[in-house]
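In order of appearance the chains are A, B, C and D, and numbering begins at 1 in each one.
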Amino acid sequence: MTIHRGRGFASINYPIGMNLGGDPSQALVHSNPGGKFMVALSSIDLGQGMKSVTRQIAAETLGVPVEDVYVDTADSDTGPHCMGSFASRGTHRVGNAVIQAAQEARAVMLEAAAEELEVDPADLVTDGKGNIHVKGAPSKSITTAEACGAAQFKQGRTVSGRGIFLIPLSEVDPETGEMTPVSCFAHAALIVDIDVDDETGEIDVVEMNSAYELGRALNPRLVEQQLVGGAWMGLSHAAWETTEPYYPERSHGPLDFNTYLMPGPGDIASHHISILERPAPDGPYGGKGPGEMCANPVLPAMVNAVFNAVGVRIDELPITPEKILRGIRANGGAQPQGRRG
Amino acid sequence: MAKKPIQFHLNGSEKAIFVEEGQNLLDVIRRGVGDLTPKYGCGQGTCGTCTVLIDGKPHLSCLTLAETIEGRQVSTTGGLQRGAELHPLQKAFMEGFAAQCGYCTPGMLMAAKALLDKNPNPSRDEVVEAISGNICRCTGYEPIINAILEAAKAGGARRYG
Amino acid sequence: MPVRVETYDRTEDAARALSSSRSARFLGGGTLVMRAVNAGDQSFDTIVRLRDPSFSTIRSEGDGYTVGAGVTMAAVAQSRDLAFLAPVARVVGGPAIRNMATVGGNLFATGNYGDFTVALLALGATVNLAGSSGRGIPIDDFLRDRERHATSLVLSVTVPRPREAGAFRFLKVSRVKPKGVSVMSIATYLPQSGGRVQGARVAYGSMAPHPVRATGVERALDGQALDAAAIDRAAAAATQGLNPPTDAIASGWYRTEVAGVHLKRLLAGERR
Amino acid sequence: MTIEFRKEYFADERDDNLNEIGKPTQRQDALGHVTGRSPFFDDHLFDGLLHIRCVRSPHHHARIRRIDTSEAERMPGVVRIITGRDVPQNLNTLLSLLDFGIDDEPLLSEKKVSYKGEPVAAVVAESERAARDAVAKVRVDWEELPAVFDVEEAVKPGAPVVNDIYPGNLFIYHGKYDHQKLRFGDVEAGFRQADQVIEGRYQMSPIEQAPTETCGAIAAPETNDRYVVYTSTQALFFSLDTTSKLLKTPSNRLHFIGGTVGGGFGGKVDSLHEPLAVLGTMLTGRPCKYIFDREEEMQVGAPRGAERWYIRDGVMNDGRIVARKFIGYFDSGAYTRLSSYAIIKGVGHLPGPYTIPNVYADVYCVFTNRTPATAMRGFGITGVDFAIEAHMDKVAHAVNMDPIELRILNAYRDGDMKAHRRLAKNTALIECCQVAAEKAQWPISQKARQASSLREGGGERAKIPNFTAIDQNGLVTGFTAGNYARKAKRSEPAAPQSLPTQTPRHDSVPVAPRYEQPVRPQHQPAASAPPPPAPPAQTASDARRTRFSSISGLRRR
């Protein structure tokens, strides 16, 4: 038995959202008289953190603490239209809609504050802690709660805002494929180290090192969740998962989690991640969308690592011990390609 | 369809309820009693989202014939808190961002509780073994394993639920 | 058909209920029967339960142990008497499954399941059925006619105590760690006398529709010292007479190719 | 596991001093998750809830001669059996909401089934068990038809017709072609100019999204003659509007509630459950739940479709890629769902994050007798990225070059023209390559370490090729175009000129949509060879000014 260490590399970019029918999303923001804000969306939180990231975006834009904002997702009676949570579009598209809505609400709040303070609204700033004050004169201030209360009990204003994000519909040229598919791209590069057993074709994933560029990390912990979980899913796609193990034959399709294989908690490799943030000019606070791209580099990096380890090209996913073993047999034995780094 | 009366304890409080023949415990806890914390994930015993403790040991409620729990103690995530105070595992899962969609979380918490109740200072391998019957599709397991280890480090798990 | 549940306190009543209906299933830990109930399996409409405590006990008897059919994998793993079987019980399912899955149920597990039974087969256990007046059926025979025994109530299995520590070894090959179903499992019982293997029993799981003996391997080892040459001959004979199945986990080709490799590693004490 | 933020990269493009953005704020839903009280769709209890289970095809391809529900209807607990006749508008395609594609999929099939597991009837019963028992009693008289499973077999003349709307087993793009084209420069000229041509074939597997919560919906009568629907959908209005269309019910009579979903990964877009749950409620007046069990989720729920890619690269010995050609086949399964659009998205992504002067792609959306495919995390991209990056490794090997240095050499940079004819901006592939190499201690050359996405792009690399070889391969007639071909035609919505929907006759050649003989990609003579890509220039570009934008927190160039 020989265990061969192999290293594989892959780099990718990922289009954020998709220009499908203009890819719109909308948001409504309003405050109660106590200056607490509600964001109403019809967007879905599938675990990616939609409620949380839009909450931070709304708070930042409104200029209030995050505790003063709650996000309600997905009631079609109250949440305005959204295309849905897919294509890494949520943060980017919904985030932009929330910014627009929050800007409108913020403008009303500042107008109300200006009226109370008897100043020009253009001279007012928020401190993000619940206060509005005259730029350069912190003592001339009013709380956001007081401003919103005055708006709704004295001045007759609704502290509210509407937002939509819509890209002009991209036409696709039938002859050349010319189009404006998306608005920005995230990037990643990943190196995976694996051990391959040349008698059984089995793989152990030893370590991953990666760099992800995903625009501004709006919430670093949410980004971390996506990257760690996404890389696991990438590994899973690479070397475990299939609904049709003998594709294109339709036989032996798994019917449960015992036969639909995914890496278990004992299969995970240590993963060292670097995050780069090149803000997207059109993203909310420069954010892109890390949710989907995180898995993608792992698949090719894994097959490339197999080649580096034993000289077998796996061009059909998933990588299985059988495919590796057949490859080694076809080559007349393992052909390690030499250590990298 | 014939129904049978059963009595058992759910999170320390006594329940008396009629169950249908062949009904599984998950269904009884959720629809019968109204504790919605254990989740349906497969009905096959392959995902662990319905994990509950029966007399302190983890069981899959979807594969447990409801009438077999007559007189026994059943614990769910619904009973983890002590009053308003979160269980150390719940705190650690929050602080460690160990939940994304949150669907596997109640099952994970019960699997972890079963471990810490008998082994307050588990090794990483023991944690991995303890959650090996629970599928998580979001997190890649790492944050969950770390959260359980953190909860163990914080101690006091046995004083809860 | 809605499902009916019949609960008995006496073994003979449960056995009678089971044998009198082709559409009755015996409920052990629930991992097989309740899964089928949940899936709406139309092949049975009656669940038979037994509440006899002796059904879940482990007794030391003569040169072996009688393990109640209702004993769970968790109970096996914790039993001091059955310490030699603990490594087998521990690789069945996750902790929750092990608190439920029973020795009796494992005898009927199909497909990639039933690893515990593989160990029992290698150890030469006997299966004790209700109403068979104390005479157990050799597990080989039981497995051969497993379907025929579906209407019989398995009371217990009797497992001979291994003659020496280390004579019994077990390996489960899985794609998922730490818990996954079998690519294959291998159990070997190789008692030695005078430095030579006497009475080799080697069994596989997931290499046939039910756990089977690897007779070619046994022949290659019997009467031999367990040295590298004998191990190589055993590995070469690993799949003699077998036609391993193709399923979602692995193809028959792959199982055939790697059975010898895993067998060799098990016998040589190599761990991967 | 370690995570680090490399704030030194692109620091001048960000303002890192914002109040809430960039903070590790706790998730709004964390407390709900750890207490088990986050309200998923199935966490809403209704008295008198009915359960829906579908009767599914055991065959991959079969005509339905007769569906006999009489015995099932007499089963205890059965309240209603629904068949296709009960569905007001029993033909749909998901993206019809965006005028993309032709209705091609029934909610409950009436005439034939095109994949194993396709639903042909639904039982509504008092308990799940009663529904399952009744499903087992529905008798369907099937006439099995030959099936096709391989994408390249399916597009051959004489292959079984999977989907009557598309008799060639291919989705029609822009009312005009049986595939989506990408043409940029002249790949054949590029191959002639190249030192080496490297080819590869890559096959992605179908993959199940496998969320721990299976797909489902509960519908119930609401006051004011409306229906409330609790749903696991990933796209609330997609599901609402699809339900509105299939049930011919005004959208304001539907009140959809969701937003807390136990994982989706793309598998909860298809809107199969909401229409049937609402229909059940309409027909019985009672709350109805329709949820996949795990077995259905695994094999009937739409997977990420398999993709097959052929890549042919023309490469110079110094590693520059001068031409890249793709032939791609998306296995859409029996119906379109979202595969048609995945291809548009994928084509816009080609040739990957590299600047290549000649790029060609023909990508086919192929119908086969398997479970329809749909979205999944990485929609339209994951499969082709696997192909591209596996191929890049082969190219590196062939030219004996370090794989990372090969990527950096060919990487797109700010200002480069992409194959879909838009300029690249905001790029960062090179920096990711450099950081990954550094972390893993994978040595790369000084030149590769010093490269930058910000420099040496644009200029010659910003130009659209003088000549692009175009062709009419795969031309079809009989279809009109929708939104996505306005450049070709601006008039009517997408539809075949006469819809063969009411009585698809499998045994005769469909009349209306007529295909030209499928033409496989051919070499196109080129007028002149385009120049090779400009190698990255050696001079640093101008210093760029930054402008600070307060609300976005960005420094803009």
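List of remarks:
Everything below uses one rule, namely that a residue touches a chain if its C-beta (ideal position, glycine included) is under 8 Å from a C-beta of that chain, and two chains touch if they have at least 3 such contacts.
If you're wondering where the values come from, they're calculated on a predicted model, not measured in any experiment.
The greater number of contacting C-beta pairs, out of the two interfaces C-D and A-D, is seen for A-D. Set against the C-alpha centre of subunit B, every other chain centre is closer than that of D. Separating the CA-averaged centres of subunit C and subunit D is a span of 45 Å. Rounded to whole angstrom, the centroid-to-centroid distance between subunit A and subunit D, based on C-alpha atoms, equals 17 Å.
Averaging C-alpha coordinates per chain places the centre of subunit B 29 Å away from that of subunit C. Mean C-alpha positions place subunit A and subunit C at a centre distance of 47 Å. Those residues of subunit C in touch with two or more other chains are numbered 2-3, 37-39, 178-179.
Counting partners per residue, subunit B has 1, 20, 22, 42-44, 46-47, 97, 99-103, 125, 128-129, 131-132, 135, 137-138, 142 as the residues that reach two or more other chains. Annotation for subunit D: residues 1, 26-27, 29, 76, 129, 210-211, 260-265, 293-295 touch two or more other chains. Note for the complex: subunit C touches subunit D at residues 1-3, 37-40, 42. Interface residues of subunit A, counted against subunit C in their complex, comprise 1, 197, 199-202, 240, 245-246, 252-254, 258-267, 320-322, 325.
Listing the residues of subunit D that touch subunit B in their complex gives 1, 26-27, 29-38, 40, 42-43, 45, 76-77, 127, 129, 210-214, 260-265, 293-295.
Across the interface of their complex, subunit B is touched by residues 46-49, 221-222, 224-225, 228-233, 255-258, 262, 264-266, 268, 271 of subunit A. Considering their complex, residues 53, 76, 128-130, 132-133, 135-136, 293, 295 of subunit D touch subunit C.
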